[in-house]
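Two complexes, one shared chain (chain A), two partners (chain B, chain C).
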Partner chain A sequence: MKTSLGTIRSGLGTDTSSLIALLIVVVLGFSIASPQFMTAANLGSMGFQMPLLGLLTLAMLAPIISGGFNLAVTYTANMSGLTLAWVLLQFGGKDAGVGALVLGCLAAIAVGMLAGAIIGFVVAYVGAHPILVSLAMMIFLRGLGEFLTRGGDISGVPDYMRVLGHETLIGIPVPLLLFGAVAIVWHILLRRTQHGFSVTMTGSNQMAAEYSGLHTKRTLVLLYTLSGLLCAIAGILMLARFNSVRVGHGEALLLVTVLACFLGGVDPFGGYGRVVPVVVSLVILQILSSGLNLIGANQHMATAVWGLFLIAVMVLRSEQVKMVLGFFKKS
Partner chain B sequence: MTDANTERFALRLKGISKTFGGLQALDDVDFEVRAGEVHCLAGENGSGKSTLIKIITGVYQPQKAELFELFGEAVRSISPTGARNRGVSVIWQDLALFSHMSVRENICFDDMVGLTPKGVHYGEMDRKARAVLERLGVPLELDIPLEALSIARRQIVAIARALMNDARLIFMDEPTASLSRSETDHLLDIVRKLSADGVAVVFVSHRLAEVLEIASRVTVLRDGRLVGVYDCADMTQVRLGELMTGQLIENKVVARDRVDAPKVMEVRGLSRAGEFENVSFDLHAGEVLGLIGLIGAGRTELAHVLMGMRAPTAGDMRVEGRPFRPSSIRDAIRQGLAYVSEDRLSLGLLQKQPIEDNTVISVLHKLLTRLPLLSMRKRDALVRSWVDKLGVKIGRPSDLISTLSGGNQQKIVLAKWLATEPKLLILDSPTVGVDIGARAGIFRIVRSLADSGLAILLISDEATEVMFNSDRILHMAEGQIVAEYDPRKMTVPELEERVYA
Partner chain C sequence: MKKSFLLLAASAIATLGMTFTASAEGATIGVVVKIGGIPWFNAMEDGIKKRAAELGVEAEMIGPVSADPALQVQAIEDLIAKGVKVIGVVPNDESALEPVLKKARDAGIKVIAHEGPNLNNVDWDFELASTKGLGEAHAKLLAKTIGDTGKYAVYVGSLTVPLHNAWADAAIAWLKAEKPGIQMIGERYGVGENVDAARSTALDLIAANPDLTGFLAFGSQGPIGAARAVEERRKIGDIAVVGIFSPGQGQKLVHEGALTGGYMWSPAQAGEVFVTLGKMLAEGEEVKDGADIPGLGVVHPNFETRDIITDNILEINKDSIDALADQGL
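Entry: the complex of A and B
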């Protein structure tokens, strides 16, 4: 019993309890401020909105734990979505069959993984900084995408794709189920596999990890490839939600994914990060945004509040504040 | 003011006590340094040396101080800036210099900073920096960035910076830890020069031999208490080690003949251009083969080739009779080699990670369940068994590795490699930054590993270490094996003479 509790605790990470406290505060706050907050309609709409950001955040998480970044997450997702839309168009757009969808998804995933693998390969074997490499990939994908689409929308997807983007299953939005499943797999991958262990160790000190016999270069290639895979899933979801693809969709989410990771206690210098607190942070950010919307605040206000919120969390986590709080606790 | 007929003191402390939380870091400690004296402050990690220095330099305030005098003046309370203005400087082991800035800027650093902007006179800086380097007798180019200098040269810069502040009492924390023998000699010369100029120097060092060589008196601390103050002239290394640890550290030759045991490794004519040449040796099961040589002799480079980190340019290696040509570290590990790096802090361990993950990092495949997921239960069991076997003192396995003392960290490094069940263990300077007491513990482990049949290559530049722990000794100099010695037919001074001469 004691060990299983310990396992749960280590899975949650040290920052989770404070995040859950924050979560309770914002939930209570908005419940009091707005009677619509706790309604099925609002919770449902949050459940449809969050998964896209969530998937992209998880795609950002592993590179950050490894001491890097993947700035190409949104455009990789766009490019994967574009691939799927293109395949569907070849098979008749709105009339495309399920076979075409499967083929298109596989192609989309291949494109996403390829983009990630290229980043990983250059980071690992050329030794260039991940920020530069992924920035280059981001700009390349944006330019390529705009060239291929001439800056316009690609639309026309079969009706059954609505299921993925707009339906619920046993009362839970399908995108949320998808995100939940991915998050669980991601948690296990990062915490309980040799690959996840190597990612953390590589992020902590690549030379020492290499000296210990870990294949750090292969680890980097694999983790960026898997990051690309998650981007592809996000791209497919984006197409299902918006019924169209446009290069630049979701561009604003890029920095929010970084925000969510840091809010979730991920070490910006690599070597530490957990899925669970990051997911809790995502929920908090979504509640802040939806809640402010409900009480009539401007959409832009929500963004400003996110920024302030992150600063507040950083201050609360600083050693000095912890010391002061500890002092009050004692006396 | 002190009486005219008493000696002049740079520093007098009496009855200093300091606690952190519930921990008594210093308990009623007295400490005196005469003006112009070279004094040694000796003690193991955690004995209170650093705390004492931090009190003298105003980083910490003591809870109790019966007497605190600097250069004959009573000190009521002191801040780090105040200490510097009174002529007290500390050169910490990490030197606290700025690697991207030039030598000139580093030496004149304190002239250049301040809250009020005042002009920076490069000509004036040049003149002052030159003067101080001249005083030390070390001409250095002022324009080159600090990072282009060797550690030894950087230390000179740190000393110059202290002298710029008119330091009359300089603390040096482990100044020789990463210096070669000739660099150490050079540093000791400079320290003598400073002392002759009336600058008191307090050495904080693990290396007992050089402590006794340079200092006139030694103050020994243990567990936050003063053990005593002794004249170095009547002190021996063994006696000093005993005072520091509270236990008698036996140094005796334990060499045995192992040449009849099966060969674990055979190396023939191994070379790597520019690093070492024509190295040949055999290493038998259960044998501890000492490899002594100065820094730069090619010892570590040889170890790197054995471990597959770099390819040799000529020569053959065999492990248990089979040709051995590792393509990577992983390959070498698979074939039964293990390598304890000389750089524990940045290569041996992952300082930001917990003890448990550092222990299992090289044997992840042993923790897999059928799924293949890592089993935390198997990890915990493995960590517990090694911690018990090697007697590592830890809090919880999930604590960060950086919370452990140097000796216990090194035991975790050993555990990590022993978990791979190696046939050959390469120890590269395994006791850097490890207390004397803990060193004995590590070598007890090494000896029992050898007894159980493990072949061990012990690389070191300390004659005593190699002498009292090896079965045979190879001497490496300038990239070649120049001699083989039998520790039973040799004395430490003879070995030192040959290696350091």
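Entry: the complex of A and C
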């Protein structure tokens, strides 16, 4: 028993197992508090809500591991969504065919990757701080989007896009399946490929990585480009979910993506971070958000609870606390 | 490691426990508003709570932490999962809510909107003020204050704000038809959202037109700026200022007489109507033409667009302003 537990633990990593403990506590707490919590309707509702935040969080994750930041995630997603909506509109809006959808998605992905690539290029070759560069990109995209749409929205997407945003496949929400697939690919990319290794080493110590023969500049450009790609997928999903797109949709999610990364044990200074604990922390945040809505708590309270959780997790992870706990264990 | 689990668990339970104090069990009406924590929607929440207690139904208001349509969609999805009977919504962005409101209606939930006349997936949208009614009310107040002859200037928030211009259109049309002795000077001035621009424009207009007797100001800062100019030029009593403004901000000016008054609708009343209509619809009652609904009065619904548009406007004047300002409006 003990050995099998140990295997699981080493497989998941200690950060994940402590998060899973937290997850169990939260699930138990809400199950007791609200009879509606453990119902299919609520679980489905959470399954529809989480993927959007999840995709944006994964888009934030890789830059943070590399010691950077991508503040432009939500606006990149908006811009990609606008691109897709615009292409669909050219082919008749609600009556656009599947061909138009594919073309639009490709265009949206191209726009997202371009926005990411520009950030990556400036970060890598100009050497400006990623927070500044991505902030500038965020302001640029927001301004550009507001200029192009005059602050209004583009709506009217073909009915079959509902499948992506609101249908289920064998009982699992389609957005959740999409998120699951992306998360697995992202995990493999960051843990098992040369690129992932390069990202981690760059975040750990860019100078040392450079001298060790890693092409850190190329790595940075590629990783921000891929981050932009994920934003584009998030933008497409947002369009399918809301049936319309406007600059500013989802902007409240930006800081939550950072919160989810740090709750998932990603090193704020770069060099360490894994997909699995981040996904678990996303689930925890979603449960807190939906659970608090279920029991009818104040929305502002939910934000405060998220903050408290983050502080609690940081305190428990600190070396000092571990030392104190170790002392008590001995005595 | 085990101890840290326990600590984590304890902190989790503690934070959850804190939130239970604010919980309400089994609400059947859930109203999602644009944003929580601002005076307008706090007043609406008071209205919802008050009416729910009167009718003996469960009702709650959800105010997202920012005016982001994505958060409204999430809140509505949570309400669907919770199994409420009625969902009310004051939309930030009408089209972003259509899919989730369709989902709600497919689940058999009644949907009521306020300030969202163009929504399609609703059972009813109700409004407490019509564009024409609100514009004409201000025109009548201006005419009542300055008499049958005079000259007035018009402010709007900006020349591109559709609502302000629609109010101004209605007011100007009424004055032209009913009070030919009252003339408008110049064109509309788009300074109504900037208190300094409104004040300096008013000073210029007063200097250029010694016979000016009124300002008709739409845009939240327009009446305030114009009234300050009137006060500075010691024209209180000679020049009337009517318009839509925040009672708390205009309280002092109204008592001094620099600001004559204006009209608004009551968010608390809108909250009450959410509950009244919600209970009706949940019990399978239909809204009929000519029905007398508490909070709305006798209604003439538009069955095509599913809109119930009424004129339940409140006058803001010396007598009513203190009570409105006390509500934090």
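The definition used in the following text is that the second predicted complex is superposed on the first by the 317 of 331 C-alpha atoms of A that agree within 3 Å, B and C clash if a C-alpha of one lies under 4 Å from a C-alpha of the other, contacts with A are read in each partner's own complex, and residues count from 1 in each chain.
FYI, a contact is a pair of C-beta atoms (placed from the backbone, for glycine too) under 8 Å apart; a residue touches a chain by one contact, two chains touch by 3 or more.
Just so you know, these numbers come straight off a predicted model, no measurement behind them.
In the superposed model, A:P277 makes contact with neither chain B nor chain C. Looking at the shared chain after the overlay, A:Q36 reaches chain C, while chain B stays out of its contact range. Set against each other, chain B and chain C differ in how many residues of chain A they touch, and the higher count belongs to C.
Once chain A of one complex is fitted onto chain A of the other, the partner contacts of A:T200 are limited to chain B, with no touch recorded for chain C. When both complexes are overlaid on chain A, the residue A:P173 reaches neither chain B nor chain C. After overlaying the two complexes on the shared chain, residue contacts for A:F48 are found with chain C alone; chain B is out of touch. Of the two partner chains, chain B is the only one touched by A:Y211; chain C is not.
No residue of chain A lies in contact with both chain B in one complex and chain C in the other. Partner chain C is touched in their complex by these residues of chain A: 14, 18, 21-22, 25-26, 29-30, 33, 36, 39, 41-42, 44-46, 48-49, 52, 153, 155, 162, 165-166, 238, 241-244, 246, 248-253, 289-290, 292-303, 305, 308-309, 312-313, 316, 321-322, 325, 328-329. Against chain A, in their complex, chain B makes its touches with residues 329-330, 333, 339, 341, 346-353, 357, 361-362, 364-365, 368, 372-374, 376-377, 380, 398, 416, 420.
Across the complex, chain A meets chain B through its residues 3, 7, 10, 188, 192-194, 197-198, 200-201, 204-205, 207-215, 267, 271-272. Across the interface of their complex, chain A is touched by residues 1, 3-5, 7-9, 11-13, 15-16, 18-20, 22-25, 27, 36-37, 60, 62-66, 68-71, 73-75, 77-83, 93, 95-99, 103 of chain C.
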